[in-house]
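Both of the next two complexes hold chain A, though its partner changes from chain B to chain C.
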Partner chain A sequence: MTDTPVHSGQPASPAPTAATAPSRRALIGWGGAGLALGAAAAGGAVAVARSVDDTEPAASGAGGAIAFHGIHQAGIATPVQDRLHFAAFDVKTTDRAAFVQLLKDWTEAARRMTAGRAVGEGAYGGLAEAPPDDTGEALGLTPSRLTLTIGFGPSLFEKFDLAGLRPEALVDLPKFAGDNLDRNRSGGDLCIQACADDPQIAVHAIRNLARIGFGKVVIRWSQLGFGKTSSTTPDAQTPRNLMGFKDGTRNIAGTETDRLKKFVWVEDAKDADAAWMAGGSYLVARRIRMNIETWDRTSLQEQEDIFGRDKGEGAPVGKAKERDEPFLKAMLPDAHVRLAHPDTNAGATLLRRGYSFTDGTDGLGRLDAGLFFLAYQRDVRKGFIPVQRSLAADALNEYIQHVGSAVFAIPPGVRDKDDWWGRTLFAGTPGGTNDPKEA
Partner chain B sequence: MTDTPVHSGQPASPAPTAATAPSRRALIGWGGAGLALGAAAAGGAVAVARSVDDTEPAASGAGGAIAFHGIHQAGIATPVQDRLHFAAFDVKTTDRAAFVQLLKDWTEAARRMTAGRAVGEGAYGGLAEAPPDDTGEALGLTPSRLTLTIGFGPSLFEKFDLAGLRPEALVDLPKFAGDNLDRNRSGGDLCIQACADDPQIAVHAIRNLARIGFGKVVIRWSQLGFGKTSSTTPDAQTPRNLMGFKDGTRNIAGTETDRLKKFVWVEDAKDADAAWMAGGSYLVARRIRMNIETWDRTSLQEQEDIFGRDKGEGAPVGKAKERDEPFLKAMLPDAHVRLAHPDTNAGATLLRRGYSFTDGTDGLGRLDAGLFFLAYQRDVRKGFIPVQRSLAADALNEYIQHVGSAVFAIPPGVRDKDDWWGRTLFAGTPGGTNDPKEA
Partner chain C sequence: MRAVRLSVVTAAATAAALAAVTGCTEKSDASSDDHVVEVTATDSKCEVSKKEFPAGHVQLDVTNKGSKVTEVYLLFPDDRIVTERENIGPGTRQKVTAEVKAGDYRIACKPGMKGRGIRQDVTVTGGGKATKRDPRLDAAVASYRQYAQEQADETLPKAKVFADAVKAGDIEAAKKAYATSRIGWERTEPVAESFGDIDPKVDVREDGLEEGQDPEKDWTGWHRLERSLWKDKKLTDRDSELAGRLIEDLTDWQNRVGKAEITPTSMANGAKELLDEVATGKVTGEEERYSHTDLVDFKANVEGAEKSYELLKPVAQENDAALVTELDKQFAALDTLLDTYRKDTTSYDFTSYDKVSEADQKELSDAVNALAEPLSKLAAAVVAKK
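For the complex of A and B:
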């Protein structure tokens, strides 16, 4: 009589989604679907007209999926995707077991979404009387190289009485010259970075993780990024930031194993104060507002002097090509490239993974635009902090302002299907387990 | 001695960019570039090491450009691009001649950018002592199907004493049930809709137009959209909105000449009160916030009842396939599809071109997300207004709120290289001209 899909009578996913509100419409029967739903509501076995697999995106299994499992989390050395949705969360529960369960549920959802699959039973695969497990807007889309990367902020260690496990390398950032931080865009007990080539995929992922965390965590702030500014693929064309300059010329490439090992990944032998961080990294996130209207009224010569590179090719001062080795002394003393260069900062080198943003206007007719700076490093004390201190003299500071700031410990990767985000931190504590097979 | 680019001594573009600030660095000579610049500054003829063509994006001329010239403006019947940057402006000048000059300058910039070319002399093609004509972040990118579409708001006609030319079809929108409008996200003397497959291209276009308008116009509000929700290409997969439902199934396709003629394009014979609008249209923009956290806790059955379609396939109630003709009486009386359907509204039909948005969080831990609704129509009184009145009873209203609103007259297309945006409105007034060849 009708081809309206019949919903599976399978139980909903174990993910702790929000409480099922009774539907004022659930008992209204129309057509065959109503009859089937009536049977399901009565607990009877109904014809399963759609298997769980049917709840997956049509393109599931198609190209474009990045492996979720590994020694390191994906989304760091992974070639940079086009779009970002970054969210910082405050944790509302002090129940460590409940939080560990959330980490496990999140891991399972992340595992599915990065493979291009819907959360749980999908957007229309569960009980009709229950909210769908997945919000649905990613149905039919490809995985779009989605990566999900979790981080733990300093405050999380306090919240769960884990101060003894807080790595020394995870320092609170000092106040830097020129900081004008908005606390509503700063900090957070944890973060999730979602990167994908399709923004709908990144937004879908954060939204569904937030939903799974309902009652335990709440989004503190979030940021969309639309134009990657740093490349971790050295052969690709270097993207331009909103100042019109190439950004990321000398970035660490995902294929540079030696530089990744030296500057990005934590090794347990050498960073013994936090053995649980082996294979992890540290992330500094800064929301950098650009005064683009002022910048746009600055002469080309001054713009190039400020950066220490020319605008067209991106070549360092006095050099011909973008990738020529910069000769720092040819640059003005306050040139950005000179001050940010490892030679100026005892070798400090960051893996940058920032995105441009434009968040409408600021109420004064100016675009609220800039760079959402994301930098991964092995030790914040030897990475972002010395570089940012050096940049106190940066000529660029006349045109930018840091308005948001956060720092996170990025735990190692999820090794296999039995592993979960944060296990090495929580395994030895009540609520966790040392045996991932028990998880 | 150096390969640093030597800048052309050609005069900068006629576009009225911001005043040239004297550079504190312009006279600092380093290497050969400094010498060349010195010559240029002295007004001497210098070697032109880069022609104007070099200032164009590397991919200029490559596929992906949408024709700017035509009877209608592009960006309406054009197949919907992936991304949006929409800006509403307030006009700060009352000098009609100055405004007409701006319209001409904007037209020339739009003509260049939609072809994948930089504004004026480009990002590094003018005088080094002057701000570049183009902000540069689109260098090396393809046109990405950029369209730029201008519209004039009711207040513009007051501002320039053109009330007699204001079309009757451009009515001020009445207050609708449930409206909760933020005036900082509403209205505007004019608008520019930038659509492109690459957001950096759309943002670049609005930014450069705003820059050209410095001193004459200021951005009142702007909106980025990342996921198109309505398709004007009937054979493509229908995109999903942030409620997870397919959106735009029955939209007017860009190829449906008859429906476009009937519902979208103004004809001068039949809309005689504003002959200057022949070939134009009217745009209603509404920022519709979705309470997605509440929606996500609603049962699948209720979600489907509210829309009147099933979530997976998108089929109307009781039907099998998305494109099956809806049987409205099978739906609940307050189902969205039923109330929005032309049969319920004396045939009223809109060309929808909306985008999803996610603008961070709202300070209460909820995503500030929803639909930026854009609807084109031949007459607002026979299009959006009756449909929106009908939707006062919409079951969906429990989950959405209209928080921004604006209406614009969309003038006809720019016919050729001598024509300019708004000529038919301003041509007969002082400061305009009846002869586009004189423009």
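For the complex of A and C:
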């Protein structure tokens, strides 16, 4: 046993949801393990497997695993990983029980993948006639700090009798100046954010979850991201966006318990209109296309004026170091940092986990690139909306365009191995399931 | 309880048994009387001199005492042909030989060379008896083989209507006959594809040609004619020739369907492959890029998949009831969705695919994924034994 689990194609644990698990698992049982262990009795195989899975891996270095269970979902305050695969889904089933079962199946798969294990019965060694449960491209790779974070969009609350549980803080975003939104890159009944240090791990996770979801949910749109543009670890260097600038220097750090509590996590008592969201957060995702070519032919002075920082050090206008307190009045009135700063927005503060993206080139040979902006906040009305309104005057708008947009309620974390994504929303509401947790 | 073990062996053993038989032989241990089976065919009977004989080289000594030309088959329990002899005229005698392993077989006479024939069950005795397959699966394969044969038989006349219109230079009539001439083929495509050589002759698209092949010289089959009709909008002598060749190639297919290697798992996987065909070619509009009749092929592919599934369902139901529930639901959902693209559920007059919006194409694609993913688990549910 090592502290760093490596993706294994072999089954490691009996699924807690065995009774209702996807049928083939029940059907083939421990076929895979039986074959691998030769003549081992099926019961023996289970015993061996159990001993593996009871060791929940602890958070560790770049290749390690991030704990899946907790009060909050991982992937928000977690130190930002290098890569992203973000997917928005539409729910197709009208069968509440089938959807709840999917959430449970997804939780189990997410629990396994974030621990560096293969989905279901693994990627090989099973029945020759059946496609493997796991697609296999993560075999031999480390967990790479994979986090999987689920969110529920406003449109989900119109389904399954959930309208009464839609939190007031989960507003439909208003139209902002300069928006040029593509409906094929916007919205979604739910989302899953996969972040990892290895792109293959993030892609593997979304691919397997999408596959488990076929027939119940469909992917509406997805986005790959690289080169994190925000850091939740202030001691690390602030990464640069594709414009070459450091941005988000004052982002909330994963260790700043007070600011997280104040600006990011939903609290039961104070946000009482949605008690089921306690421990959760709200996510705004925006696909922001950059006009890379025109930006690159803009003079250095203008670039620095637009941001309100110098390009080399990242220091605010008139200051020496990146982390020096910015003097906003020294910046031009339409400088990006000035307009985005909490002081300009009555203290509005976001936790950002943005990623750069490039999806090749468009038909005109221009780089289809920009920033995939992910912001977490306790209330969208007090977070993203005022900041984005303030940015209507941003000089940067000449070089960027918001082309995709979505907002999601991020439910609290999965507490333990009997818990599942979305339980607090779906349990105890009309048509709830017979999960013991709901009693 | 999850400790369910499987029999993966069953299918493999059956496949091996099927492969171990050859149709013809020059060796002569059939000269021993034990190995000679007298078959007396009339217009209403098919009598055999013995119903049990030892494994090895067997000779069927066939006498046609009827008034019609007949043919004689030695068949596996799933109707696959071990050996056959056609065109046995009234009053004539023919010998048919084969090397046969132990197991259950049937001898069939087909007076008039039509239909399923008059059948006699026979047993071949001796060592090395093949593992018995679930008789329900043998029955499923036999029914599916019959279905595939019917599809080929029904396709030929329709293809001739199409070919004749092409030869007559009647563009409108040819366009009208085009899509329907393909339905039987699209329903059973995995069987045709299993021969390897027919599919590239009749159903290849221009981008499927190999390097060095000239579209003007080497491209044959339906899609070449589709291009002439819808894109070039004219018919030439070359097209007449291609129409003739299409009929020849389809006749070859019709003649060979009975010998196709079909197993329960290949039926299940064939069903999935039909959905894969839809997912990769039809849902994108690539298959029928000139005629835009993709939804006709789409429907035929789904029907063929559904046929395999329905035949395998009793066994799948026993092994994996939840899968059957899901498949029933998803087949129904896809069929319902497809019906919205035709006025009348008995007609194959579907909306032209260039009139289907991008959003609707995605909806079709989503429905295909919703069905194909559980369908990929059907083969496992067929081989699994409790």
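Note that the second predicted complex is superposed on the first by the 365 of 439 C-alpha atoms of A that agree within 3 Å, B and C clash if a C-alpha of one lies under 4 Å from a C-alpha of the other, contacts with A are read in each partner's own complex, and residues count from 1 in each chain.
Just so it is clear, a residue touches a chain if its C-beta (ideal position, glycine included) is under 8 Å from a C-beta of that chain, and two chains touch if they have at least 3 such contacts.
Just so we're clear, the structure is a prediction, and the values are computed from it rather than from any experiment.
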Chain B versus chain C as contact partner of A:222, first or second or both or neither: first
Most chain A residues touched (candidates chain B, chain C): B
Which superposed partner A:176 touches (first chain B, second chain C, both, neither): neither
Which of chain B and chain C A:130 touches, first, second, both or neither: both
Chain B versus chain C as contact partner of A:319, first or second or both or neither: first
Which superposed partner A:299 touches (first chain B, second chain C, both, neither): first
Touched partner set for A:211, first chain B, second chain C, both or neither: both
Residues of chain A contacting chain B in one complex and chain C in the other: 18, 23-26, 28, 30-31, 127-131, 211, 214, 218
Touch list for chain A against partner chain C, complex: 14, 18, 23-31, 34, 42-43, 46, 92, 127-131, 211, 214-216, 218
Complex contacts: residues of chain B adjacent to chain A: 2-5, 7, 17-21, 23-26, 28, 30-31, 37, 50, 54, 83, 85, 90, 123-124, 126-132, 134-140, 184, 199-200, 203, 207, 210-211, 214, 218-224, 226-227, 237, 240-245, 292-293, 296-305, 310-313, 315, 317-321, 330, 332, 356, 358-361, 363, 365-367, 369
Chain A contact footprint on chain C (complex, rising order): 2-6, 8, 11, 265, 268-269, 319-323, 326, 330, 362, 366, 369-374, 376-377, 379-384
